[in-house]
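I have placed the structure first, in the form of structure tokens, so that the comments after it can refer back to it.
Chain IDs A, B, C and D follow the sequence of writing; residue 1 opens each chain.
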């Protein structure tokens, strides 16, 4: 086994537009968290950085914390504010 | 013109069953109120008397007070408690 | 196809009624929300089983009252349209006794108006319900049951 | 005829949806109340005119979330059944984006559960809305508008 995590990233709405795709695959260090995944993606697509505060993250189709440890094969989705939400990630129901 | 009011009475649900008809005509003194109409009817159908507290009255298809003065040709309806109501006439919206 | 434009907004009828037809009749390009309610004959009431219901109305007055209630809702909330049909006669389990539809730009108003309309109908419309089950027939008078004579 | 028994209770789909089909699917002999909600594309938003909307969903996660919300409603209120469908893709004015139906023995529970379901969908379901009007296309992010790139 290689010492990396193969992570699939799902993108929607504005992040999808910024990255120009709805799905991409990343290789991350084995210690990577969801937040590290975002940072790796934002280094390729700097426009994402300003969205960070507004984004939620999902791992394997469940809302997750940014400090969630990832595992090989995980699917990470960036979740922009939804249409009826208040736009502040901190108040979303968990 | 005769010195009486010709009043049509409309009956529904239990009062209709008690009186055995859904419509009847009464002649009442020219000073009669809705309450007098009820009294005249209850003198023919004594079983009605016990319903008096629970009944509302309508004159010409509008909810009315029992002391409403009637006019010749008026249609008086006895309104038993409706199915979703609280059963106390005094609390009905007016 | 139904002809929504011709459907009366308020009606007391012995024919089957449908919230869906009312929903289509209140639709408008300005409406972002359509909420409906159907009252349905259910197989039990107060712990007793129910075979069927019979609704009796003072129809012309009931239609006036339904119209008043609809107008009150339209004054009180910012809604696009409201429609109310009430059925009379004998209804079996699962049949619709009352159908209401409300449309509005935003959903909060549709919900509040819908709730107001059904709650107020139940308080004020001159419509009575006779329930028939294994113990016979009863008039439902608010919280009271009273044995019916026929 | 539709086949209500086979209609999934929860679905995210790019095909047209209907609250009426859901209402029929939640009907039961024990239900005295059926309440429905349709979210409809309207011709204006925030004072601007709207030509059409496009809904984009993270579909498998959105279906899980809708199922969670339905289960929460069923735990919290005494209801018979609840069904929720959400549509994706381009929708014109008057088209239904979300449809919900709830049945219950008594109407209060149906109203409260219905309101909970739509309010919670709007907070939690990973579904996004892009609005197109005379000024271009915008993502609707809670209270914010953000210009869309395509």
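To be clear about the criterion, a contact is a pair of C-beta atoms (placed from the backbone, for glycine too) under 8 Å apart; a residue touches a chain by one contact, two chains touch by 3 or more.
Owing to the predicted nature of the structure, the values given are computational and were not obtained by experimental measurement.
Centroids built from CA atoms put chain C at 49 Å from chain A. Computed centre separation for the pair chain B/chain C is 25 angstrom, with centres defined by C-alpha atoms. Counting partner chains per residue, chain B shows two or more touched chains at no residue at all.
If the chains shown are joined wherever they touch, the resulting network is a simple chain of contacts running from one end to the other without closing. You'll find the chains touch as A-D, B-C, C-D.
Residues of chain A that touch chain D in their complex: 10, 12-14, 16-18, 54, 58, 61-62, 77, 79-88, 92-93.
Residues 19-20, 23, 27, 29-44, 93-94, 103, 105, 107, 110-111, 114-115, 118 of chain D touch chain C in their complex.
Within the complex formed with chain A, the residues of chain D that make contact are 56-58, 60-61, 64, 119-130, 139-144, 146, 148-150.
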